[in-house]
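Shared chain: chain A. Partners: chain B in the first complex, chain C in the second.
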Partner chain A sequence: MAEDIKKLIIDYVKKEYLEEDSGIDVNENTKLISSGIVDSFSMVSLKMFLEKKFSIKIPDEKATPEAFDSVNNIINLLKEYVKL
Partner chain B sequence: MAYSEKARNFYGNELKGIRQGGLYKEERYIESPQGANIKVEFPMGSSTKQVINFCANNYLGLSSHPDVVKAAHEGLETRGYGMSSVRFICGTQDIHRELENKLTEFLGTEDTVLFPSCMEANAGLFEVMLDKEDAMISDRLVHASIVDGMRLCKAQLFNYKHNNMAHLEEKLQETQNCRFRLIITDGAFSMDGDIAPLDKICELAEKYDAMVMVDDSHATGFMGKTGRGTHEHCGVMGKIDAITTTLGKALGGAAGGCVSGRKEIVELCRQRARPYLFSNTVPPVVVAASIKVIDLLSKTTERRDKLERNTKYFRDKIKEAGFDIKEGVHPIVPIMLYNAKLAQDMARDLYHEGIYVIGFSFPVVPQGQARIRVQISADHEIEHIDKAIAAFTKVGAKYNILGKKRDEIIAAYGM
Partner chain C sequence: MSNFLSYDDLYKNFKWEQSEKELEYGKNGMFNIGYYCSDRICEIGKGNKLGMIWEGYDGEVKKYTYNDIRIYSNTIAQFLKDIGLNVGDRICLFLDKVPELYIGFVGILKMGAIAQPLFSAFGEEALFTRLDDAKTKAIITSKKHLGKVRRIKDKLPELTKIVVVDAEEGAQLQTNEIYFSMEKAKKVEKFDIFKAGREVPSVLHYTSGTTGKPKGAQHVHSSLISQYITAKWVLDLRDDDIYWCTADPGWVTGTSYGIIGPWANGVTQVVLDAGFGTEKWYAFIQKYRVTVWYSAPTAIRLLMKEGIDVVKKYDLSSLRHLASVGEPLNAEAVIWSEKAFGKPFYDTYWQTETGSIVITNLPGMKIKPGSMGKPFPGIQATVLNPKNFEPITTNGTVGLIALKPGWPSMMRTYWNNQVTYENKFKNGWYICGDRASIDNEGYFWFVGRDDDVINTAGHLVGPFEIESALLEHKAVAESAAVGKPDPINMEVVKAFIALKPGYVASDDLEMDIINFVRKKLSPLAMPQEIEFVPSLPKTRSGKIMRRLLRAKEWGEEIGDTSTLENE
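Up next is the complex of A and B:
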């Protein structure tokens, strides 16, 4: 289950944020915000994607750049709202 | 006084962090009018140095143009220095409305309202146009002032990959249930010098019943055959619902901006845009000079034609010299160096050679995309550009990057 979710988020990040020829590989530890792959302004679509997918509402104060900085961090955040 | 040691230390540490991160912005003192040749005191306290300026937004060379300066003097004489008022109390002169009408005609729109800056136009517009049942669909590389404006607006935010029309279309499909959708983009992007495909954006807007907003600050006055902007360049004059632009770049470069577009949107800005309502009016001297600028540009395309020739000349020559640049037609020419330190070191060496340019790196541009941004002006003569090419070639040879492509530069210097 956790592996499926990891893949789901990685696939979304690749499709939503990377150009096909970017040559950047994303895994569960890749820094997303601090590396500049996802800027804090574009993070909103990732938050909306997760909220829709898991039928949850992530409060804005929890959706920090740190909480979204890697797929692992995101999974830890999600665990507060859904049983994974 | 409650400015405690704790507060002092906190702010001091913030500044230390900015310095350590290599993000501290040093101001350089220019002791001459803006133009191709300027006198600069840098580092602070050193004697002034004569350099050729390749980093101003003075695209048309109008910042110190004698006719513009004369019009400013006349404005000062006939309409005074300040108005000590916002527009709607006692801050609107006949010349404010005259300039708004001239901008409307120049941009080919329905109406125009002046703002103290384009930053403020962008800060005010979205909140006026949209509410929580609406959607803002923005390019990811829009200017920071648009990002701030969107943050002030309650509409839902969506964004698409830079200039990626397939991704924009996906976002338009995702937001079909919203009351209004507004596609938001820069006309010309300030870091890459590339142009938004406004023809395709307008097609998508029509197909999905969305409105289009363009910030044309880096295009008004020179893009398009008669310099009207990227909407002219892309053949969509009259189709953009809201244009924001600045008087602070090509159009004389002093201050001020505007929203120009559908008349109801402009009128609503006058009633509700908070940065318009609560800031002072644009000073008469700026208004008078801006009227002269629009008159000059409406009479002849000479200056934008010269800028176009200069831009082509520089782009051709710098490529011939072996530099890796972002292709395009805009007078912003990014010389790609990928490594932040390399960009800073080369900009410093070029300054010693008498060429004033700035290196840009993350977070201003994406990680691994460090560059020197060159900005061409109609104030430049071919001799200025030749000097720049010679200096770039000398400095490029020193760092052994001439003829090298991205991967080779990264292999030598890292990202």
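Up next is the complex of A and C:
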């Protein structure tokens, strides 16, 4: 389950936030926010995607740049709201 | 002690010539900003001083002395000349906060071209609009952003040089693409700097309005006179400072006070090329012993959200002076910073068009939390009655912020749009587009925009540009974009959308539209909320009444609706 969700998020990040020919690879440890792949404004769209996909509401105080800085961090955050 | 003693004395006696004298401006016929940010600092004996310490998101560190900045900017200037670029050509910098952005800016100015920095998170539509308007000749970018350039380059016949700063040698580049490595290129020790006159165009920064396309505010080399002295006095820069401006040079703060101001003052600045992170920022200040920090209210409010306990984990005792720009700094943020850092953030007010700080809280001046401060010396500012454009003489009455033209860094025109430029003036005053009041001690108090432009995280976003992008989505029949209140960003974009027949509102469609705008324009222009509506309120002549939607979001009176179509 967690592996499926990891893949789902990685695929979404690649599709939505990276240029096809950017030469940047994304795995579960890739820095997303601090590297600038997902800027702090775009993080809002990633949060919305997760909320709609899993029918959850992530409180603003939990949606920190650190919590979204890698797919693994996002999985850890999701575990608070979804049974993985 | 700050760089000056009394506001009133300073304001009364100030002349811009003071700044020129300190800079020895025009010595040997030299007015070029590029010279004053590099060669001159070396000539006054600071060639071995660090001009920039750059740190990447992964911890990589690069250090550049002023002599390095001089030589590397020479190298870039020579390269640009060698590939056929000329004086007056518009050269776009479309890069993340990498060293080539900062030093490249200086290099472009040195060879006499016009630097056109653009925020690297811009999507292809936003990029195209600005390159097309400026008839840009060359763009300097990186692999990460090359895809966006490639998708639009065929529609830009004037764009004949695409410089890629991080392509591997021998990489598969396409027509008009050129590989250039600042550090691997043969260093140019001596470069014949273009002898720009005071009024020769230097920088083109794009900004948004309520209607029409974004406008290019065109600045000239003598803007340096304002930028140098405001950096020295407002940011209180001194020779031994470690200065951190968190702004991206894709926006005007990042060039006026992230390149020109600090480097013309010969100060060491630090640059962090990484996304926002509370602890990352505090660790950065601690590591480099930052003394002067120029940031934005959105960032300060994000820091506030994390609380004071996290501040205490770091040694931030090096901080001596804090300043803020981009949107009004709320009183709570000023008070919080005093508790967190032992000193307040000093709010500063200016805009792309003004080129430098015009209303400000100066060090040494009494701060009134929530106030914009007072006019910088040399700036005549007031608020005007919006009906007759005469100065308001009653304290506390809200009017239009207006400035008497003539300060050195004021834009000289909007690129290719002189009519819009001239419309910015009424009764001999430049109208900023913001509303404020003035209290009995001469302090300005910001009230809000005087138009529909959305100020999100300190960046102005034009509703017209967003609505145009929305209408390109296959499901959208009508749209309106307004700012809605946000506790962190002041405003965020909210879109009202009427769908075409056959489309049904859904979560998936909402996400699709949101990402569509983000990729076309920028993350800042992306609606953070969409409200699907059957139709939009219009005047009888068919114009969408955006102000009604905005008033609803802000809980304000709707006002006169006599022209409403359905009334």
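Couple of notes before you dig in:
By our rule, the second predicted complex is superposed on the first by the 84 of 84 C-alpha atoms of A that agree within 3 Å, B and C clash if a C-alpha of one lies under 4 Å from a C-alpha of the other, contacts with A are read in each partner's own complex, and residues count from 1 in each chain.
Everything below uses one rule, namely that a residue touches a chain if its C-beta (ideal position, glycine included) is under 8 Å from a C-beta of that chain, and two chains touch if they have at least 3 such contacts.
No experiment lies behind these values; they were computed from the predicted model shown.
Overlaying the two complexes via chain A brings chain B and chain C into a clash.
In the overlay built on the shared chain, the residue A:76 is in contact with neither chain B nor chain C. Once chain A of one complex is fitted onto chain A of the other, the partner contacts of A:29 are absent, as it touches neither chain B nor chain C. Look at A:21: by the touch rule set out above, it reaches chain C but stays clear of chain B.
Contacts of A:41 after superposition: both chain B and chain C are touched. Annotation for chain A, partner touching more residues between chain B and chain C: C. The clash between chain C and chain B in the superposition falls on 386-394, which is one of the stretches 8-16, 296-304, 368-376 or 386-394. Within chain A, the residues touching chain B in one complex and chain C in the other are 19, 35-36, 39, 41-42, 44-45. The touching residues of chain A, counted against chain B in their complex, run 17, 19, 35-36, 39, 41-42, 44-45. Contacts from chain A toward chain C in the complex involve residues 16, 19-24, 31, 33-36, 38-42, 44-45, 48-49, 52, 60-61, 64-66, 69. The touching residues of chain B, counted against chain A in their complex, run 140, 147, 157-159, 161, 164, 362-363, 366-367. Across the complex, chain C meets chain A through its residues 57-58, 96, 121, 143-148, 150, 273-280, 305-306, 457, 507-508, 510-511, 514-515, 518-519, 523-524, 526, 528.
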